[in-house]
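The data blocks that follow each hold one structure.
You will see chain A twice below: alongside chain B first, and alongside chain C after that.
Up next is the complex of A and B:
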């Protein structure tokens, strides 16, 4: 990335020191004068992250129960071929896709709307901002029992439905395939909409008031201004949120594990919960590692795909 | 030039030091302590059970005989037990004694037997060459891998019965169900009175497996275990019958609505303990809640303020198949005690493990917790010293229950591999919700069982 720039800078720095021999200068140009200073960071990153990824790839070729004293058996690509034939793996990917699209759309809609409202002259706006953002800082483990209680067959949500005459809608929400997934989505939207709101709020603060005033002078309504001016100008934020959203969806674990235990019938199974199940409950570390590598590849691909439209736009 | 070379020299020295320290740290204590004292030392015991209070009472009893062995119990959550135990028992800094479970469960001997010493010679020396006949069957086979005695069972837990809130039954003038029809009728009557009948957290499939094994023990005793050992086929008509009965529990509204969306712990447990439901599928570990103080604590934990303890008794699993074959329970070691191969206090650790698991005094202490049925045959809880909620209604039932449980010869999970365990989840919850046919569910069980044995 900056090798040339670093090299030329280093070269410029070395010129007055005529006593240094040519070989030293070449080495310095090749490695860069700052190399010793970044060694700790390089060791940390390579040692802790990339070594772990490499080790996970290695484990994914083994049949192993995960206990270091237990013998392992090299099985090559068997865990990957098993993964491609595993219906639960594909189900988890399908759930991830549906989950991402639904939660992203709903969070964007609510977060964007709230951000726009908070930029108008709302009484007690700071209080509302805090209220909207609070769920984001709460741990899912704290909220999981609450959501389980709310959506229990004898829970608060059914009680409310009955109280307003909608008792025909009341049901055991955690026991149905579709409704259990809805509960997981509701919990996620509830938790992360605050972050969406804050980022849109910050993005809207960056929009120059002259642009909005010009739109109004041209006769644009508030709604039209929001759609035609504000929304496009917030596009980088939307792309960033989508990128975070797709990676977050791929890594989803805590809410489905804590609220529905990934059930019933794998109805809320995600890659994260499936990795946990195969690794911890079934002791198939190799297979779990193979799914982890698939997750990593999907996250990288997802991130690249989400960034591409922005780069193209920046390039044009 | 000098400065640069000095920097690299220092960096190289630092790297060498780090490497050396790593090697020293990794190799530290690589050999277990064979020469340690059997009557003194500080040892650490890791386990997911018993709870802190019971562990303290067991250690206090142990110290009456071995005052110079100091035992520190460290409670580890069962969900993460394997994750923390694996690294711990590969170093001398880990536990000296650790809990193990039968088969492939968390803490399973199949996973951790490589990290434990063989207790066989020590058990034989302590109990005699016929030690296997002196201990409950449930605590022996499940903790042995090959010829290696990986752990000795401190006590066992058994399932295959229901627990009822007798006060609710008395209030509504009902008798405990003995058949499927009666079970359905009692559930309907309780529901009509606004009272929950039977509760199960069917989303936690280990308890579904308990219910299904109880059904199969009624259909044909021993067949469930035989199939898990490959000695019978899951496609047998008896299994079809068992699955039909299992599904009928849901279709006939014996199970509460939304059962598959709930967990046995905490959901079903709390619902029963708070009096919302009158029946629950729990095992011998529930005996501890017949004690007044323990029940009050459990009710408070279930969200009941100012609780009044109720009369809780075990009943036989109803004759759901109409075969008349009732009262057959099944169980495994709740936890076995293993001694770490890396422990530097193996002798003291072995003393503690054997005292708790095989000595009359240790087993009496285990029995009195009412959490486990003792492993040593003939040991009963000292009922005279135990304050039950309603002794007149409970004592005889509990004594019979303990006798029945300790004579059980069928395992609960010991013969079920991790893969088969997961397949049971898919089968039982799938059939219960109608997403999977009985035929497909049984075919998958057979496929997984066959694959597990290869």
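Up next is the complex of A and C:
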């Protein structure tokens, strides 16, 4: 029961800052024991996720090929020191960063503009919205072969390029280092712009038309109104999308694995694909586990960033 | 947003919107067009002739339905507990769940694979259902908790005065109010479990246990990169999802938007 005691003091310490009971702080109507109610969720999460984390930490100290019957050898920090000296590991982190910044900027640009357009009087607007949103409900695994097909050396994209007289641009997109990464980014932007759009669209619905009218009367141009008034008002959405993007970039697996096979020569390697390859193809379970722990720490840091804007908002 | 008073600006806006939207349509057109290349409708016949399509769909349905049920039940119960009931160290428990919020699937690979082999759960759908649900629960609770907190406590007071116990209050007073948030949770869990690729690929090796997201890869391996078969398979897996979205457009858009913001 000692853990319970520490738990409750920690809970009390947190309470003044916490988000709970905003409306009911003065009248504590809480009644009945709540613990049984949260047990299913806690059991599921602790049983799957916390168990997995603990086990991954354990495996990360081993040299092991993953077969239950094969011997494993305790190697301590070896997997981690190997990781810090592994150029592919750093390459994967570099790719994650570049991938996040690029996809985030492009998606924001398109999503924000499109949301503003959909709030103007566009003919067939519902149809446009559906077109841009459909990709978000489709599985990346379903669309991956389509992007392979499009960006194949003999694919539709090169056909379009030569049709409009840009033959010199045509190339085997999946075979080049930079172009392969571009294809992975295009597939991702294609998939998630709909979500960016829908969030900006919702945020813009909250802006009072009087503000925009006033700006217009003052002679502000469309572009200026958008940049000086609408964009700052959408800042919470932008922050939420940025943090979502960081976590999404860290989780990236399906698209590079299926579209470019993380290649050519690690050119589209991400942490997820590298863990999978290390574990399933090379059978280095210990090393894969060490990279998983690094990924986990990065994701938690990203998650803390995600929670921050909420706190700030509630604090003010 | 944009000034649309002059004809010129209206045309400009329409053009810009079209210019943005068309590239989003092209991959879908390329998919459909490519799936009819060569043998035409025969490509689809070829996919169905493998006989695995109904199995894959049934497995995906089973996995999605079970994940939704698990997530819905544990999230609703948990969120009610967190929002309205007395729990010692409440915020610590909540924090325990929140840490799992950003968990990348890849972190679970090694332990799940090893555990599944140990307990002979490899190739069983449950080996995919449980982790998928566990990954979804923290977020569902976060969403549902803030929703329950928005329900006035006077309602609970009134229920208690009328002699209802906790279970009755939850069942008759609270649950009927949660429909909007339940819709978001169901849609999010559905999309995440139906579209899941990594866990099924790792855990389900037996062809009779595989899911729709593995259907295109089936053709890559089986017919050594048969592009038309792959694309026909992609269309077959995409059509039901697009149909579901078009039928429940509002629910999907709200669900995904809620999923991004909280």
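Odds and ends about this structure:
The rule is simple: the second predicted complex is superposed on the first by the 269 of 316 C-alpha atoms of A that agree within 3 Å, B and C clash if a C-alpha of one lies under 4 Å from a C-alpha of the other, contacts with A are read in each partner's own complex, and residues count from 1 in each chain.
In this text, a residue touches a chain if its C-beta (ideal position, glycine included) is under 8 Å from a C-beta of that chain, and two chains touch if they have at least 3 such contacts.
The structure displayed is predicted, hence computed values, not measured ones.
Within the superposed three-chain model, A:289 lies in touch with chain C and out of touch with chain B [touch as defined at top]. Of the two partner chains, both chain B and chain C are touched by A:280. In the superposition on chain A, no contact is made by A:211 with either chain B or chain C. By the touch criterion stated above, A:66 is placed in contact with chain B and with chain C alike.
Of the two partner chains placed by the overlay, only chain C lies in contact with A:240; chain B stays clear of it.
Of the two partner chains, chain C is the only one touched by A:199; chain B is not. Which of chain B and chain C touches more residues of chain A is settled by the count: it is C.
Of the two partner chains placed around the shared chain by superposition, chain C is the only one that A:48 touches, whereas chain B remains out of contact. Applying the stated touch rule to the two superposed structures, the overlap between the chain B and chain C interfaces on chain A comprises residues 20, 24, 36, 66, 68, 280.
Across the interface of their complex, chain C is touched by residues 4, 7-8, 10-11, 14-15, 18-24, 27, 29-38, 40-42, 44-53, 55-56, 59, 66, 68, 110, 113-114, 116-123, 125, 128, 130-147, 149-150, 156, 190, 193-195, 198-199, 202, 204, 212, 216, 222, 225-226, 230, 237, 240-241, 244, 247, 250-251, 253-254, 258, 271-272, 275-276, 279-280, 285, 288-289, 292-293, 295-296, 299-300, 302-303, 306-307 of chain A. The part of chain B that touches chain A in the complex is made up of residues 1, 7, 11, 79, 82-83, 86-87, 90, 104, 110-112, 114-115, 203-204, 256-263, 267, 276, 418-419, 421-422, 426, 429-430, 433, 435-436. By the touch criterion given at the top, residues 1-4, 9-10, 13-14, 16-18, 20-21, 23-25, 27-28, 30-31, 33-34, 70, 73-75, 77-78, 80-93, 96-115, 117-118, 130-131, 133-135, 137-138, 141, 146, 149-150, 152-153, 156-157, 160, 166, 191, 194-198, 202, 212-214, 216-217, 220, 227, 230-231, 233-234, 237-238, 241-242, 244-246, 249, 252-253, 256-257, 260-261 of chain C touch chain A in their complex. Against chain B, the residues of chain A that register as touching in their complex are 20, 24, 36, 39, 65-70, 148, 152-154, 171-177, 180, 260-261, 263-266, 277, 280-284.
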